[in-house]
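First chain A sits with chain B, and in the next complex the same chain sits with chain C.
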Partner chain A sequence: MLASVRQNLQGNQACALGAIAAGCRFYAGYPITPSSEIAEKMAVELPKVGGTFIQMEDEIASMAAIIGASMGGVKAMTATSGPGFSLKQENLGYGAMAEVPCVVIDVMRGGPSTGMPTRPAQGDIMQSRWGTHGDHPIIVLAPSSVKEAYDQTIRAFNLSERLRTPVVVLLDEVIGHLVETIEIPHIDTIERAERKWATEARETYLPYGETDDGIPAMARPGDGYRSHTTGLTHGPSGFPTQKPAEVNDMMQRLLGKIDRHRDIVDDVETVGCDDAEVLVVTVGITARAARRAVRQARDAGIKAGLFRPVTLWPFPENQFRAVEARVHSVLVPEMNAGQLCLEVERLSARRTKIARINRIDGEAIEPAHILSTIEELGRHG
Partner chain B sequence: MPIAPPWSQPVRRRPTVMAEGAKIPMTAAIEIRLSGSGGQGLQLSASVLAEALLREGKRVAQSQSYEPTSRGGISRSDLVISEDEVDYPLVTRINYLVILDDVAARASNALIKPGATVLCDESRVTQAPSGDFHVRMLPFAEKARAVGLERVANMVALGTLAGLSGICPRATLEAVVRDETPAKFLDLNLEALAAGFKLAEAPVSE
Partner chain C sequence: MDSALGKNPTGGNAGSAGTGIEDFDIRAYLRLDLMPHFMCPGCGHGIALRALLWAVHELAIPKDRLAIVSGIGCSGRVGAYIDANTFHTTHGRPLAFATGLALARPDLEIVVITGDGDCLAIGGNHLIHACRRNLHMTCIMLNNEIYGMTGGQVSPTTAENRMTTTTPAGNTEPAFNACALAAAAGASLVGRGITLQTPALKNLMKEGLAHRGFSFLEVISDCTEIFGRKNDLGSSPEMILRQKSQMRPEYFGNVVDEPFRPNAMKTGILSRNERPEYGDAYRAAMVSTRATASHGHG
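This part shows the complex of A and B:
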């Protein structure tokens, strides 16, 4: 019997259990509120499955450690919050450039700087996309429930391994610390993706060569392939190059590889989008508030809809444009001074009215606040 | 020579399945807040209640708020209880509010639903909220001292809350306390819970 188990589980713990279900066998981290329960849970659970847990000396070293572990062939993860996420950015960029699969969980708290450790925020929406320097590929998944924290952490590993890229799971403090009754599926029903390992002739192996799907096969340590890994711009051999044509080829493949696989990357939840006139776009706990507000608005006869990018980056442009074309107003509630709304504004037609709700006082945005704004937009539409 | 970027080339694109949220749960939820000062065991009593409700087949969402100190400061743990999946997991209209310390006395005023039940510790809460709801001043801390330790006032309050509201059978709560609290405190916790249920039976004096 592959029965699921119903239990009360915390969002952070769900990330840890999801990681282990996905095959994660290495965790390095430096505890930071409000993400520490992820490290705690991994410390308890990893040894049971023969995995390794290391509490590193700092955030930078933790990021370096998971990249190293992953290059050694093990699925690896770390978790942090804003201040630590800032510190990880340099090595996160290295992971993107060297195409090393790894998963980073960022549980957002009040910022900037050390901000408010125990209070929620959604201030890392742009940092999760553009935190490290230079053009780089990245995937960011944004769960809005404990169940989704579990599922999306598994998905993060699968995308990371398939596409050889760091994947960020972006939670806010509310979802990280929220306990919900969920069904954990039987471990044998979990779909796990494995990395593409080099199997071709050693003589012709190119660690960063062009392939049909844009994803080069990785050389498993000990298999005897010649491989070179660097954060410097490299050619197919992995060795540094500054030849414009080689640089261009490499960068185009690197930046294009996520787009080539949008069929497995994109994920959105929509509610009432078929006939919506007022559309709410948001993520995380704010999306839970929005879902209630949309339901209440529809009960009151206002054609409201919710568009929730479960895959936040790359933003699901096509799906959004298709829905946006039919609405007259878009509302973007978020627990920051205005970040997700920038992407929404970029993608919206000129005629569409864009409204914002921004809350930066360490409290969640309430459904009633969203509802009253939907009502206002509905009246003036 | 210009080089065509890979992403400009045609790509097989499967349309993303847009899951229409066909059924949005509509069940009326019960909202509970346990509040007081950090270190009073509010998170523990909330998790005991959440686990007991799980065993009763309910669905819960439990959230918390605390300050970056392990003792003192305002602390609260909230539960939203539903038969179905909880749509919005945070409290917005509290049905049952427990206040164990003055620091939390007024903090929840805006969220108390008309007709709600508010249970305050009579020795540690001097500024109980007043309004369109029922306030009861009860000797949680005193009863806890009577069973041996003031720290189990959280369990006394939990017993009274469960007794008055009928949200969770006593046997289930006791079973969870047996399974999930430290053996060293087991008898103390069970006695505190019993004292709480007894308080719930006492005649109302508002």
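This part shows the complex of A and C:
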């Protein structure tokens, strides 16, 4: 019997157990509130499965170490919060450029700077997409429950391995510290994706060549390929190039590879979107408040809907546009001064009324606050 | 040897190694299709590269098992010429990347090639912690006293009064003694070499590679084109001979107490601090944890 087990878990701990279930065998991290429980759980759990935990000297080193481990062929993860996430950005870009699979959990806080380490905020909606310099591919997943923290961490590893890209799991402090009882499936029922490893002859192997699916096979050190990996703009051979045609080809493949796999990347939760007139778009704990508000609004006769991008980046444009075309108002509640709403505004038709709820005082947004705004939008629709 | 020109996909150069210069052909260890290399005429980095590959050859380390991790700068570009698993990482971070690689793949022989700016300025924190941790790898710091790649700015090892593009009145900061720093931070093997005597440098590299634990090797390299020109130090041979004249064996008494280098250096193995390699120690400590593990959650 492949029985599941019920466990009482914190969101952060669920990320750690999800990572191990996904096959993560290396963790490097640095203590930072409100993510430290992830490191603590990994330090205890990884040795049990033959994995390695290391507490590095700083956030930058942690990011470097997981990329180093992954280049060696081991699934690797780190976790952090806003200030640490800022410090990791250069090496995160290296991971994107060198196409090294890795997973970064960011348990958000507000900012700028140290902000309020123990208070909930959703300050990294944009940093998670655009934190590192230059155009780059990235996938960001935004769980809104403990169960989803577990599942989406597994999914983060699978997407990262399949698409050879860093994947960020974006939690807020409430989800990170929330304790819920979840069903943990038997390990043998968990789908685990493995990286495409190079198997062809060394003479014809191109570490960064074009392929049918846009994802080149990776050479495992020791397998005889003796390939070169660099953060410099490189050609198909992996060695630096400044030839415009080669650079353009490489960058187009790199920037386009996620879009070629939107079928496995996109993930959206919708509530009442079929007939919604007022649409709420949000993520994380704010989405749970929104879900309640939407149900209450519908009970009161207002056609409200929730659109929750579980895969936050790339933003599910097509799914959003399809729903947005039928509503007269969109409400974006978020625990920041207005970040996700920028993407919503970009994708919305001019006729649509866009409303915001922004909380930057270290408190979560309550269902009642969202409900009253839905009611207001419903009246004026 | 059959792995010459890198055509042997298994990289099996083991067994073909000898001990003399006669059977060492550097071309068997280079990516010849990348030649000509990009280093300036007179640059000492090529000599250091030759010494490293000669040491690899004499120790019969298979190219497939050799991983070169480098950072950014002139030193960072040296690794790409080696026919091995090469990783050109970010500025100052090669030791941090190598830490992950070493823990994930203890079967690899890891050599970090870094520079004085990469290792001591932006990467200084990683250096001291790598020394403290004692993972098995060899860190070769090519010290040319300057940021050459960016045009000649002052570095943490630029001697006082030297002219650089960012010290128009001469350098007013004292220079780091990198070896003293590494020893103080706990590096289990510390050594220094100069590019004048390649066989001696090769022997130093062999000591570093063979040592189980973290080896820190400083190679005094010369930057003729930028640092030398700016300071009227003459041609490359003149600069290399000056390195020799600056050796003061009696000076380097207590490495812990001399954090700065006032223009005096000792070469060879400077200190040893034998202690458990970190990966071994970690794995041994975790055996008991694993024995009592519950795999209930997978």
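In this section, the second predicted complex is superposed on the first by the 380 of 381 C-alpha atoms of A that agree within 3 Å, B and C clash if a C-alpha of one lies under 4 Å from a C-alpha of the other, contacts with A are read in each partner's own complex, and residues count from 1 in each chain.
Heads up, the rule we're going with is that a residue touches a chain if its C-beta (ideal position, glycine included) is under 8 Å from a C-beta of that chain, and two chains touch if they have at least 3 such contacts.
Nothing here was measured: the structure is a model prediction, and the numbers come from that model.
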After the match on chain A, would you call chain B and chain C a fit or a clash? fit
Quick one: classify A:V174 as touching chain B (first), chain C (second), both or neither. first
Mind working out whether A:E246 is in touch with chain B, chain C, both or neither, as first, second, both or neither? neither
Output check: A:I60 vs chain B and chain C. Expected answer is one of first, second, both, neither. What do you get? second
A:G231 in the overlay: touching chain B, chain C, both, or neither? Say first, second, both or neither. second
Check whether A:E366 is in contact with chain B, with chain C, with both or with neither, and answer first, second, both or neither. first
Which of chain B and chain C A:I184 touches, first, second, both or neither: second
Could you look at A:E269 and tell me whether it touches chain B, chain C, both or neither (first, second, both, neither)? first
Chain A as apex of chain B and chain C, Cα-centre angle in degrees (nearest 10): 110
Touching partner for A:P117 - first (chain B), second (chain C), both, neither: first
Which partner does A:Q7 contact after superposing on A: first (chain B), second (chain C), both, neither? both
Shortest C-alpha to C-alpha distance from chain B to chain C once the two structures are superposed, in angstrom? 17
For chain A, what residues appear in both contact lists, the one with chain B and the one with chain C? 7
Touching chain B in the complex: which residues of chain A? 6-8, 33, 117-118, 145, 174, 177-181, 214, 245, 248-249, 252-253, 255-257, 259-260, 262-263, 266-274, 285, 288-289, 291-292, 295, 306, 316, 319, 364, 366-368
Footprint of chain A on chain B - complex, ascending: 3, 5-7, 11-14, 16, 18-21, 24, 26, 47, 50-51, 54, 58-68, 86-90, 92
For chain A, which residues count as touching chain C in their complex? 5, 7, 17, 20-21, 25-26, 28, 44, 47-50, 52, 54, 56-58, 60-62, 64-74, 76, 90-91, 94, 184, 186-187, 190, 201-203, 219, 221-232, 239-240
Could you list, by residue number, the parts of chain C that touch chain A in their complex? 6, 9-11, 34, 63-65, 67, 69, 80, 83-90, 93, 96-105, 107-108, 125-126, 128-129, 282, 286, 289-290, 293-298
